[in-house]
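Every chain is named by a letter (A, B, C and D) in the order it is written, and numbering of its residues begins at 1.
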Amino acid sequence: MNKVVKDAKEAIIGMSDGCTIMLGGFGLCGIPENTINALFDADIQNITCISNNAGVDDWGLGRLLRKHQLKRIIASYVGENKEFERQLLEGELEVDLIPQGTLAERIRAGGAGIPAFFVPAGYGTEVQEGKEVREFNGKMHLMEMGLTADYALVKAWKGDTHGNLIYRATANNFNNMMAAAGKITIAEVEELVPFGELDPNYIHTPGVYVQRIFKGVDYEKRIEFLTTSD
Amino acid sequence: MNKVVKDAKEAIIGMSDGCTIMLGGFGLCGIPENTINALFDADIQNITCISNNAGVDDWGLGRLLRKHQLKRIIASYVGENKEFERQLLEGELEVDLIPQGTLAERIRAGGAGIPAFFVPAGYGTEVQEGKEVREFNGKMHLMEMGLTADYALVKAWKGDTHGNLIYRATANNFNNMMAAAGKITIAEVEELVPFGELDPNYIHTPGVYVQRIFKGVDYEKRIEFLTTSD
Amino acid sequence: MALDKNGIAKRIAQELEDGYYVNLGIGIPTLVANFIPEGIEVTLQSENGLLGIGPFPKKAEADPDLINAGKQTVTALPGSAFFDSAESFAMIRGGHIDLTVLGAFEVAENGDISSWKIPGKMVKGMGGAMDLVAAAKNIIVATTHTDRNGKSKLIKKCTLPLTGVGCVKKIVTDMAVVEVTPQGFKLVERAPGVSVEEIKNATEGALIVEGDIPEMNLS
Amino acid sequence: MALDKNGIAKRIAQELEDGYYVNLGIGIPTLVANFIPEGIEVTLQSENGLLGIGPFPKKAEADPDLINAGKQTVTALPGSAFFDSAESFAMIRGGHIDLTVLGAFEVAENGDISSWKIPGKMVKGMGGAMDLVAAAKNIIVATTHTDRNGKSKLIKKCTLPLTGVGCVKKIVTDMAVVEVTPQGFKLVERAPGVSVEEIKNATEGALIVEGDIPEMNLS
């Protein structure tokens, strides 16, 4: 089934104010740049965004933040962003902080039809508040719930017309699980190839999870902390 | 870290009567032939075996079965094996039948440190017996527990000296999750390469899960139902 | 005249929609793949870890590493993907498969299904059937209307151990297409030449018949 | 004389064993990688999806797709593997990582740790720290013994929001190596030239001192 759309603008057709999105990437690594910029241009409002981080001031999620398009962020770490800090302190933005592994697993569970599961992370901390606590194998655990979203916005290295995706290096991160947890999953890829060109042994995200795919353009791939040995 | 051992005989050193094993494969596809045969030769007894199927009469798990090395089998489907049927009916063998997806997820959970989770499969059936029932999103679910084993015996297509594994086609099946759920995981591979030769983007099982690896020999790769178009 | 297996499969194939991801069980359901209508693109999932099942291979090309959930050698179409069993059932449980077609021993008026165990007979196991019926968005049962002894398979209440509860949406048999509604079995179509009366007689459960019941169009 | 950051890292590196898989937190823990003893092979995990972290890249080779959990550009050693975040934390939660080294604001006598939130200050989030401390088999805290104002970080009971409970096994500071035992802090080693008395004074929690306390051997 051909799932190719022309570009990010076409890919986000139907997205409307108040939607819940998942956004792949770790820091600025592996974020769906084209789709974020299309959301910015379309000025979609009141977004609830599930993303490990919140971008930087002028790039990634930070762009939507500056334009006040975000109502709520569900993340594990939101440093590196002054505007975020300001909106949070002034109550313009709601933020839920979730341990990173729990966030990753909640998304994986959402895509896999698992409504709830138990993990040890956060036991005895404020993360425990309001959650069921239970002992297994002599260790205390919290019950955590699966997470899904109206739209999952992911970025892959290569993709085919059927929606099969392959990620590169650590740009995979949250993208793979999010692809399965979106009711509609929009994938942007650096390289779009005809179906049959990717080795089926090496597909990270099977096409069944992807509803729309397009070839992204003008990737900036900004580096947050260039750290070198020379 | 070099995890290479010489052969299956060396790989199973330390395995003893009464151990619990996980055995990869779906039917006869992707089973660790060399390791099974080594268990046969070493005549290890009273094994509890977690495996999707039970082999056929004279191959795979069927070999251990005929020699009465198995005490208990945890599986989803055990057809195709007369000796199995006989031992079961005569009470020589204990069998736990588990829905296939629940079995796969219980193994995945075991390796991932998730002690329990909820799934809809089996609600209202005899699988529900003794399990906690709970409603999520208007649908009834059963609480299922993570599974681990003393040893996981898996078979991969390619592996490197660090224990990184790549499976081929549908010979992956239960191998990938089991590799993570064994306290000691023994991998046999068709092709063993020096570390650095496998593309890190395409590793299915990261080496951290594997404790011992060896190059298997004389693969028979029997086909259960040869079905052709000509 | 009642349909043969291929007739049942052909009628079920009419339920397919373009872009569907489908899991076909062993037996009659597998035959559905042979009747996918022109212009409809369907991707078949095999729960042992393949999306994009192709035709059976030529003998020389049979690959022991490439089988379907019935352990038969198959091929993989261009654009397919392989994955492990946890991912495969994540796909099923997570509602990503549009349609599941499977066989049954019994289907009850409330959509309960029995398909895996007959007391007194060797139990082979439920395989993936319980996961599939508990999770698929849409479940069609492919079966003969009665068993070999003429006993109805569409009954008031399942007598055999259940595979799943309230999950079957539609039943396609050699005699009829029956929908499972909140009110019970509802007759939708008749096999060519089979009368409403014959279907009623072969159905143990109450059968809702409203207005004229058309014949299946299998041309 | 109290150790500098590199001294702390060097002492922690002595805890490494051949074949260990290790997760190093941001700050002092990262420096441990520079002091891995000769003959010891250790694989470093980065929770954003890399097993086998290599040195920082040359400027010309920095790859935006290849970063560590601190979002710094890194390299991947031969034999490494990439994976998604769920797999990465499955690895951590499942107990497959042998050692976690991380920083802390406070560590309590019972092994509780506070490391992520200071009331009144901007909260950046816990990242992966809660998952790591709840799951790793062995947790070493790398920290200065006191904060900038001279207030002890090894205390009776944590005052800041917790990251995890009863999880820290060992603390390596600029002044000492302290084990967290069921009886509380136990002094194991002194930094070169630092007296037991000085360590006692810098430790708010009760400090068990049994017999002669040797100096660290950092040669």
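Methods note: a residue touches a chain if its C-beta (ideal position, glycine included) is under 8 Å from a C-beta of that chain, and two chains touch if they have at least 3 such contacts.
Keep in mind it's a predicted model, so treat the numbers as computed, not measured.
*Asks:* Touching chain B and chain D alike: which chains?
*Replies:* The shared contacts of chain B and chain D, listed by label, come to A.
*Asks:* Any idea how many Å lie between the Cα centroids of chain A and chain B?
*Replies:* 33
*Asks:* Taking each chain's centre as the mean position of its Cα atoms, how many Å separate chain B from chain C?
*Replies:* 29
*Asks:* Taking each chain's centre as its mean C-alpha position, how far apart are chain C and chain D in Å?
*Replies:* Here chain C and chain D have centroids separated by 56 Å.
*Asks:* Send over the residues of chain C in touch with two or more other chains.
*Replies:* 76, 82-83, 89-90, 92-93, 135
*Asks:* Considering chain A alone, which of its residues make contact with at least two other chains?
*Replies:* 105, 108, 112-114, 119-120, 167-169, 200-201
*Asks:* Taking the touch definition from the header, please name the shape of the chain graph: line, ring, star, complete or other.
*Replies:* Topology of the interface graph: other, matching no listed pattern.
*Asks:* All pairs of touching chains?
*Replies:* A-B, A-C, A-D, B-C, B-D
*Asks:* Which of the residues in chain D come into contact with chain B in the complex?
*Replies:* By the definition above, chain D touches chain B via 18-19, 21, 41, 43, 45, 51-52, 76, 78-83, 87, 89-97, 135.
*Asks:* Could you please specify the touching residues of chain A with respect to chain D in the complex?
*Replies:* 26-30, 52, 75-80, 85, 88-89, 97, 99-105, 107-108, 119-127, 157, 167-177, 204, 221-230
*Asks:* Would you mind writing out the residues of chain B in touch with chain D in their complex?
*Replies:* 1, 108, 110-114, 160-162, 164, 180, 195-196, 198, 200-201, 203, 206-209
*Asks:* Which bits of chain D are touching chain A when the two form their complex?
*Replies:* Spelled out, the residues of chain D in touch with chain A are 46-50, 55-59, 62-74, 76, 82-86, 88-90, 92-93, 112, 122-132, 134-135, 161-166.
*Asks:* Flag every residue of chain B that touches chain A in the complex, lowest number first.
*Replies:* Counting only chain B, the residues touching chain A are 105, 109, 112-120, 134, 136-137, 139, 141, 145, 166-169, 200-202.
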